[in-house]
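What follows is a pair of complexes built around subunit A, which joins subunit B in one and subunit C in the other.
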Partner chain A sequence: MGFWDKLANLDRRWIYLSVAISVIFPMLFVIKFPVEISPEARQLYNAVESLPDSSVVFLTFDYYPSTLAETEPMSIAALNQMFRKNMKVITMTTIPLGGPSIAERVTRMVAEKYNKVYGVDYVNLGYKANYVAVLKGMGSSIESIYPSDNRGTPLKDLPLMNKVKNYNDIKFIYVVADNAIVDYWISIVNAQYKTPVGAGMTAVMAPKMYPFVQAGQLTGLLGGMKGAAEYEELVGVKGTAIRGMDAQSLVHLLIIGFVILGNISYFVTRKKTGPGVMK
Partner chain B sequence: MRTTLPVIIAFISGLIMVVSFFLNPQTTFLGNTEEEVLQWASIIGGFTLLLGVVSIVRVNSKTVGQRKKGWLFNLATLISIFAMAIPSILPVTSQSNFGSIFYKVFPESWGSLFGTAPGSIYDWLFNYLDSPMMATMFAMLAFYIASAAYRAFRARNAEATLLLLTAVLVMLWRIPMGEAFLRLFGDNIPGYINTYIMNGANAAVQRGIVIGAALGAASMSLRIMLGIERTYMGKG
Partner chain C sequence: MTLVEQLQIWLGAFLVLSLFSFLYKDNPFYKFAEHIFAGLSAGYYIGLIWQNVIIQQLIDPMFDQGRWWLVFPGLLGLLMFARFFPKWSWISRISLAFIMGNTAGVFLISQLHGIVLPQTVATMLSLDPRNGFGTVLLALIVVCGVISTLVYFYFSKEHKGILGGTAKVGIWFIMISFGAHFGYTVMARISLLIGQVRFLMFDWGGSIKQLF
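Up next is the complex of A and B:
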């Protein structure tokens, strides 16, 4: 068996080992490349930045723990920007598995940094089933859908919620999601109630949202860990997404390298054996 | 009657939602009814979650009871469900009716362990077991994608080659090192990828898919409202 044949039948464990090294290496040795800001990320940042101080905004935690590496840095950077501008933040989730806990943990962590008080500066509404009904229902009355917050406190006992009845009182909705829920935020909330919506999404979901950005139905978009890193750069928070860029860069380059190598071995061995023989 | 009644309910509910879209919810009867219907939908959604839990418990209990192959995994599922659920629904204080009874038996200092607040059993299990396990499962994809890309991503024909080249360009564009590399060939290359691939070809295709799916959803909704589509009732 020649070199190219061996390469064509490379044991997958070597590939796994290479991926592991590509992820671990940047943890030990930092290789920092500048993160360039995409127009969509800048648009989202500017949309939040241009809101008057003390505006009431929605921040959603529509993601599962499995995608925390991509989505959580977006939430943290967004909260930093919002609290720095003294905005009043209402958080919620359409994800039953862990959504309320992630929202509670992340919001509390950033709120402590800015000495924000629960109930006055921020509120976590938590989770309610049937997201279409929840999104539509909050257009009439948030309290009719969420009679109490995630901690069981009636909304009427929270000073922030006394000022907020429905979407008319919300200046911006910042959706961080790893699923198609953004479609509903656009088609139900933005289209019907005209509240501006911006989104941070996993890299695999983000391409679907470009038409909505072009149509102006989505005010800015972050895609994956790169998008999160761009937002951290914009906000000035040195978080996990910027640190993760090195590992992501190396793994992407490794995969590109494997694709090129795989194709070279494909063409070399095909010449020897004829087309269609190699799998 | 078993078929007619659900069709009537579906028709009336759908009609309320469609018509009320054009009405003010605060001032009109139909608008108010829409609010009621949405609250009902949310409550029914809660019950469907409960139904899911009951179904999981039933299926797994049966497998454990019959000691079928892999029954230990089913047992682990059952233990996990109850370990997460029970501490999260137990009362945090003695102020509720159930709490007053519960804390006559157990010390009130245990209250911080229950509910979903930070420091509770649920919170601990979620942050230190559930969350890392889910993240690990997702992270494994990187290994499989690398292996699959090496074996399957071949320039076999013109279409595959086009796909391959686009994928490589987008992958480079999505990383700082790749952007720096692309700039070696021209300062505007990363911008061109954003303009022509993501906001050009990608957006055009995605738009087609979204419009197609929306038309499909609208026609399916009409079929359900008019009773033509009855598979949701278990009928063909």
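Up next is the complex of A and C:
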């Protein structure tokens, strides 16, 4: 059996092992691949930066714990930018599993850094079922959908929420999501209430969102860990996304190599055995 | 790091390694972690819905705030349980009909005004050469991509002649789009791996260091 035949029948566990090594190596020895800022990430950053200080903004935590590596750095960087501008931040989630507690933990962690007070500078509304009803209902009254916050405090007892009735009082909606909820933020909230929406998405979801950026329905877009690293770079936060990009880039190079080798191996072995018989 | 935090990290690391062990081959550790995840998710979800929906949005408003009319959506919800009894399962269709009608109404408006019309408008791009060569070229690519892809999905006439040629161009656009999606999917999956490896190396590793 020649080299190409061996390669064509390579046990997939060798590939897993090489991917694992490529992920671990840059974590032990920093390479520092450059992170280029995309126009979409800059657009999102500028949109938040151009808002007047002390504006009330929405930040959503529409993601499951399984995608934390991509989405959490976006939330942390966004909160840093918002609190640095003394913005009033209202957080919420449409994800039941983990969403409310992630929002609580991340917001509290960044708020402590800027000495922000719960109820005055930020509020976590938590989770409510049926996202379509939630998104539509908040257009008329946030309190009708969320009578109390994530901690069970009635909204009327929170000074920040006394100033906010519905989307008219929100200057910007910053969605961080790992699912198709962004479609609804665009089609229900942006289209019907004209509140600007920007999004940070997992890489799986990002390609679907570019037409919305081109159409002006989304004000900026972050795609996956790369997008998170770009935002960390813009905000000036050295977070986990920037540190993860070395491993990301190295594994991408490895996969490109595998794709090229796999194709060469396919064509070489096909010549010998005929088309469509590769195992 | 407290003892409880240590325990959380060790439990997390054990479950992550159990799930990763599937990459070698299927085994009881993987099955154990998988079943724990399914069971925990179901239990957590039931508790959350009970508190956030049944208590906060039905029971409390009805009894504490006197919003008695919420008894009607409550009843519609209860009717859904008729599906468990074959003889009475038809009753659940009343609730389903309400959900379908409501959903169709909400989505018709939001999809038309939020997606179809703005996206159609965004396709009508200016080809004015004064906008610069690059802008015109991109506008042409968008217009060609949209038209040829739509033609590919037009099945009422055989794809021959001009129609066939345009449909072939459409396939190219679809393939390039699939390629972009695949590239992004690879990036997403690797990101998740990086997240878990970071947890094992730094959180779990740090915890081991602290112990010994």
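FYI, the second predicted complex is superposed on the first by the 278 of 279 C-alpha atoms of A that agree within 3 Å, B and C clash if a C-alpha of one lies under 4 Å from a C-alpha of the other, contacts with A are read in each partner's own complex, and residues count from 1 in each chain.
Heads up, the rule we're going with is that a residue touches a chain if its C-beta (ideal position, glycine included) is under 8 Å from a C-beta of that chain, and two chains touch if they have at least 3 such contacts.
Treat the numbers as computed from the prediction; the structure is a model and nothing was measured.
S.K.: Answer with first, second, both or neither: which of subunit B and subunit C does A:124 touch in the superposed model?
M.R.: neither
S.K.: Report for A:195: first if it touches subunit B alone, second if subunit C alone, otherwise both or neither.
M.R.: Touch partners of A:195: none, neither subunit B nor subunit C.
S.K.: I want to verify the contact counts: of subunit B and subunit C, which reaches more residues of subunit A?
M.R.: B
S.K.: Based on the superposed arrangement, let me know which partner A:104 touches: subunit B (first), subunit C (second), both, or neither?
M.R.: first
S.K.: If you stack the two complexes on chain A, which partner ends up touching A:35: first (subunit B), second (subunit C), both, or neither?
M.R.: First partner only, subunit B.
S.K.: So, A:148: does it touch subunit B (first), subunit C (second), both, or neither?
M.R.: second
S.K.: Please work out whether A:266 is in contact with subunit B alone, subunit C alone, both, or neither, and reply first, second, both or neither.
M.R.: Once the two structures are laid over each other on A, A:266 reaches subunit B alone.
S.K.: Between subunit B (first) and subunit C (second), which does A:94 come into contact with in this model arrangement: first, second, both, or neither?
M.R.: Touch partners of A:94: none, neither subunit B nor subunit C.
S.K.: Touch check for A:184: first (subunit B), second (subunit C), both, or neither?
M.R.: After superposing on A, A:184 lies in contact with subunit C but is clear of subunit B.
S.K.: Is A:244 touching the first partner subunit B, the second partner subunit C, both, or neither of them?
M.R.: A:244 sits against subunit C, while subunit B stays out of touch.
S.K.: Once the two structures are superposed, pull the subunit A residues common to the subunit B and subunit C interfaces.
M.R.: 16, 19-20, 23, 66-69, 96-97, 128-129, 132, 136, 183, 192, 203, 207, 211, 214, 223-224, 226, 248, 251-252, 255
S.K.: Mind pulling up the subunit B residues that touch subunit A in the complex?
M.R.: 21, 25-26, 31, 34-35, 38-39, 41-42, 44-46, 48-49, 116-118, 122-123, 126-127, 130-132, 134-135, 137-139, 142-143, 145-147, 149-151, 153-155, 164, 167-168, 171-172, 174-180, 190, 194, 198-199, 202-203, 206-207, 209-210
S.K.: Per the contact definition, I'd like the list of subunit A residues that touch subunit B in the complex.
M.R.: 10, 12, 15-16, 18-20, 23, 31, 33-36, 38-39, 64-69, 96-98, 100-101, 104-105, 108, 128-130, 132-134, 136-137, 139-141, 144-145, 150-151, 183, 192, 203, 207-211, 213-214, 223-224, 226, 229, 245, 248-256, 258-259, 261-263, 266, 279
S.K.: What does subunit A use to touch subunit C in their complex?
M.R.: It is residues 13, 16, 19-20, 23-24, 27, 66-70, 96-97, 126-129, 132, 136, 147-148, 183-184, 186-188, 190-192, 202-204, 206-207, 211, 214-217, 223-226, 240, 244, 247-248, 251-252, 255 of subunit A that touch subunit C.
S.K.: Along subunit C, where are the residues that touch subunit A in the complex?
M.R.: Residues 23-24, 41, 44-45, 48-49, 52-53, 56-57, 60-61, 103, 106-107, 109-111, 113-115, 118-119, 121-122, 142, 177, 180-181, 184-188, 190-198, 201.
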